[in-house]
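Take a look at these structures.
Below, subunit A partners subunit B and then partners subunit C, in two separate complexes.
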Partner chain A sequence: MRTARKIAMVVIAATLLVCLNAGFLAPAHYAAEFREAPNAAPSRAHWLGTDALGRDLFSRLLYGTRISLLLAPAAALLSTLLAGFIGGAAGYLGGIWERLAMAAADLVLSLPWLFLLITVRALLPLDVSPLISLAVTFALLGGLGWAAGARVLCAGARGLRNADFVLQARISGMHGLRLFAVHVLPNLKPVLCAQFWISVPVFILSEANLGVLGLGVAEPMPSWGGLMRELESMWSPLHEWWKLAPLLLLVAVTGSLQLLISREELTA
Partner chain B sequence: MSTKKLSGSWVLAAGRLMLALLAVLPFALPGFAQSGELRFSLHNEPTTFNPLKVEEDAADTIAYLTGGVLARVNRQSQALEPALATAWKITDGGRTITFTLRRNVYYSDGTPFTADDVAYTVRQLMDPALHSRIADPFRTGSGAVQTKMPAPGRISITFPAPIVGLDRLFDQVVILSAHSPNKEMAVLGPFYVADHKAGAYVLLRRNPNYWKRDAAGRRLPYLDSIRLDIQPNRDAEALRLRRGEIHLINALDSEYYDRLAAYVPGALHDAGPGFDTEQMWFNQVPTAPLPAYKLAWFRSTAFRRAISEAINRADMCRVIYHQHAQPAMGPVSPANHFWFNAGLHAHPYDVQSALRRLQREGFHQQAGSLVDREGHAVEFSILTNAEKKSRVQMAAMIQQDLAKIGIKINLVTLDFPSVIERITQTFNYEAVLLGLVNVDLDPSAQMNVWLSSGDNHQWNPKQASPATAWEAEIDKLMRAQASTMDARQRKAYFDRVQQLVWEQEPFIYLVHKNALSAISQSVVGAQPVVLRPQTYWNIETLQLKDAAGGRGH
Partner chain C sequence: MARKILQHALMIVATALLGGLLTAAMVRFAPGSSVDERELDPRLSSGSRQALRQARAAEQNFLRFYVDYLRRAAHGDLGISRTLNRPVRELLAERAPATLRCAGLGLGIGWAGALALAVSAAVLRRTAYDAFATVLAGALLCVPAAVLALLSVFANGPAPLVVAVIVFPRLYRYSRNLLAAGYRQPHLITAYAKGVSGARIFFAHVLPLAGPQLLALAGVSVSMAFGAAIPVEAVCGIPGIGQLAWQAALGRDLPLLLTLTVMVALATLLANLASEAAAQMLSPKAR
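Moving on to the complex of A and B:
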């Protein structure tokens, strides 16, 4: 298991290293169209061939990986913080606050998030740059993804509410936010970490789902989801095997993240 | 007694034998091909079997295959031909049409066809409670539609106001039965609906009473049945054709066309440019929530012309449509033989000319960006529907093309209902890229698009009075063409409309997609055309090779 985790670490580190240096490593800009060579097979000029508009797929994969791999953790961080605050506070306070928070979490979990995302995205102004649209997409994902984590953290905080050290802190005059920040939250840290690592692949896949529907990251900016839309037009993986590269990378990265989560969960 | 009984039973038996022989004989004759089941897909569940309430493709397909009409547009020659009516005459300045009906015609359930049925159909069609889309072109004036039967087998229909191209409109009007207990399920077309399993299939069987015969006097149609499988997924549809499970695909995407070419090359047909257009337009609605300077750009003819010239349409045709499209020059495709203005040519791709036009309007380059005379950087968004991959690709190509003249484009993809809401309700958009489906050859069907007061005058709809001189001229020309019965004069008016649209470019027409289809080589007699339904327009004469005794094309 230890070897597998080491391999997972290497995969994630190598992927991050390569995609962070996309500007140096990519042979072309992700939006550059080589219109004389659309849907080209891999060659010296285009290592992973080109897409339907003649854009270099290797370059797009590097930039797309950067976007998906940096913004998914950002969305995971946002959702974990929200879950920690809402779930932790609800569990710590108990009573009506806990019931209210859990009712809100149940409501969010029961919402058809895909339709909600589509609706919210349709309400956004149109004259925003692709970068802002990208940030908004992931912020929406993060903002809507707190509920499941909040339930776990609420249960964790509830267990701590009457712990000996918390009671002792109360007796010694510590109350409210300070008690929560100093004694409860640090004890929830392992659960928060586990929630964060669990969320990262979820958000990568969520963006991929939106991308496959054509509603993810705006063109011409690439993302794993957008790149996998190319697979829609594949009948035989054997004929155009190179187009599977984003899918394979997604599987490798999310698989590696899952291996890392196991460790965090053990710690938790 | 016994002899009498015997002779009676012998006569009965002989009669039965004769009937059986008569039933079997046609199939035994060489060359007779009344057999076989044609299969193809519907992309959605038909919402109705009432042909007057048709709103979508599936119901339209069933109405075409089962319905009988008074006159039918030949999809190949584009000429109007007699069907249930053997002749017709338009009088009263285009208000009245008198049909002479075919005799000895029966519905699929044996009910005779009479002028009563035509009168009943017209009453049903024009009933406002039915909300029939087919009735819209007939509603040119207020007042009731009158029907009269001047003689047996003749019927006159008088409308409150003249209607141009009146006779051709009857191609869409399926005649219902006034007296059949089966209501709209009793049909005069080549097939009738025999079975329907929601979400799975619709089974049509040959109408034994269909009036049409082939040149040899044999009763049509040749096919026994048609199975329409409900299959919304285009990939699955293409795979099924490849496996030989279905025989036809209409309106094939170029992407599928090329993929199928590797497996069933002989089954593919490119009938040339179709009637549909893909176009882009700028929001010119005065009340739109846009900055005044952007509205000023969008209202400038020079700006629109420059954008048009900076778009490489030839590349779009080659890269996205793999040469199965042609650069568009206007609203009418060259496939529309009569109405197309042959004097027009596609706008050239000329970046330098585009820049010169912009410079004359006060635009100039600043640090690689185009700015207007007030110093605003030229940047706008192009909205399109996310579901249509080819549109997203076209928008991405436009983004790259316009970057060459310093214009920054934000490409926004939304779901189709959100796009429609923005272009028809809130007007909260800058530019949009969408397509227009043209099912009618006559320009009168586009009145709602070209009249400045029209709901579908998309760049600036429902104007109280025309915002520009050229829109006023288009209004005048469209009304003039709709009020004369002289086809040549109408053509002259509409040619001028096309010329004005070409000059002003309220719509920047991009491409006419080719009419692509796939027809299995086991189908005999198919002649794919541009007009819908492309592949089965001559359904009565289609046969299946195996069923037809191995006869080929």
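Moving on to the complex of A and C:
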């Protein structure tokens, strides 16, 4: 298991290193069109072939990986912060605040995740610039993914509410936000870290699902979801195997993250 | 017990009403909600345009829009779909059977597979077998549901099987962990030492402990199946609720999406209530 985790770390580190240097390593810009070679098979000029518009798939994969791998943790950070604030404060305050926050979490959790995502995504305009669609997609993931984490953090903060050191701080005259920030929140850090790591692969997969359904990042901006939409135009996975490259990379990265999460959860 | 169920029922009503209200508010404040592209049709007379504007004006106040929606819903009128130009009630009646068949069958197959693997992994306790099942579930968890649906199209696989493959890894992980925790109880060592049979240990000691939580998981799995229905129906071309929700999202048919949201929330909450009631009845503490 230790070897598997080392391999997982290497896979993530190598993918990050390559995608962060996409500007140097990619043979072309992600939106550059080679009109003379649409739907081309892999060659020296285009390592993973081209799409229907003649765009180099290898370049798009590098840029798309960078977007998905950097913005999924950003969305996870947003959802963890929201979960920490809502769940932590609810558990710490207790009473009506806890009941209200947990009712809101139940409301969000009662809806299937993908259903909730497409519902809220549809409420926002679909014909926006690629950059805005990118921000909207990942902000949506971060903004809606707080509920499960908030329940866990609420339980954690509830346990700390009457802890000896919190009572001692109260007796010493520390109250409100300062007590929450100095004594409660640092003790929730392991749970917050576990929630963050759990959210990253969930958001990567959610973005991929949204992309395949045409509700994700707008063209020509590449992301793993958008790149996997290309699979729809593939007539056979055996004959056009190179089009499976984004899927294989996504499986490798999310699989590696899943392996590392079990370690994070154990340490939490 | 009755009080707890009543509390849950009230929670369902409150959640559905609040969920619908929030969605109505989002419909009202969504960018572009005050614009109707039909007004651009040059064939329409000024009277028709005025009628369209008046119809939309009634939807501007979100509270009024929502109260109207509830009043009409109580009479069975769920509104008209803007993109499909058909009553939502008619669309729901037409599409629900396909989703129930696809998601229900998929859920059944997923549960059967997950329980079969989880029980055998817990009973056999062979490291290699457990590792194989865990790796299989872990690998399936890493593939997006929509891509699984796409791959099934290439393989001519049945849609319920895709739903089963999507829900299986989550169900397997929880079930396996619950059963493994059951087998780790200290008094089972005594039971083994006394020569109690494996079947008796499973049915008398492990299952009663894991049963209520497995039932709670059954309620949650309904939500998983509904979630899986969207990409599966959209990609495999099954005319169900999932495909309808996807089409409504692409066409920004917000009233239709609002109705579907409330319906799905009610269905999942009812499933959770039923599973929790069953879990309460089976719980050793309750007995």
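The definition used in the following text is that the second predicted complex is superposed on the first by the 248 of 268 C-alpha atoms of A that agree within 3 Å, B and C clash if a C-alpha of one lies under 4 Å from a C-alpha of the other, contacts with A are read in each partner's own complex, and residues count from 1 in each chain.
Keep this in mind: contacts are C-beta pairs under 8 Å (C-beta built on N, C-alpha and C of every residue); 3 or more make two chains touch, one makes a residue touch a chain.
Quick caveat: nothing in here was measured; it's all calculated off a predicted structure.
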Partner chain(s) touched by A:Leu205 [first = subunit B, second = subunit C, both, neither]: second
Residue contacts with subunit A in the superposition, subunit B compared against subunit C: C
Partner chain(s) touched by A:Pro38 [first = subunit B, second = subunit C, both, neither]: first
Which of subunit B and subunit C A:Ile118 touches, first, second, both or neither: both
Partner chain in contact with A:Glu240 - subunit B first, subunit C second, else both or neither: neither
First (subunit B), second (subunit C), both or neither touched by A:Gly54: first
Which of subunit B and subunit C A:Leu126 touches, first, second, both or neither: both
Common interface positions of subunit A, toward subunit B and toward subunit C: 118, 121-122, 126, 213-215, 232
Subunit C contact footprint on subunit A (complex, rising order): 103, 106-107, 110-115, 118-126, 201, 205, 208-209, 212-215, 225, 228, 231-232, 234, 236-237, 247, 250-251, 254-255, 258-259
Residues of subunit C that touch subunit A when the two form their complex: 11, 14-15, 18-19, 22-23, 26-27, 30-32, 138-139, 141-147, 150-151, 154, 223-224, 226-228, 230-231, 234-235, 245-246, 248-250, 252, 254, 257, 260-261, 264-265, 268-269, 272
Residues of subunit B defined as touching subunit A within the complex: 235, 239, 255, 259, 315, 318-320, 379-381, 383, 386-387, 389, 392-393, 395-397, 399-400, 410-415, 418, 421, 428-430
In the complex, subunit A residues that touch subunit B: 31, 33, 35, 38, 52-54, 118, 121-122, 126-130, 133, 213-215, 218-220, 229, 232-233, 235
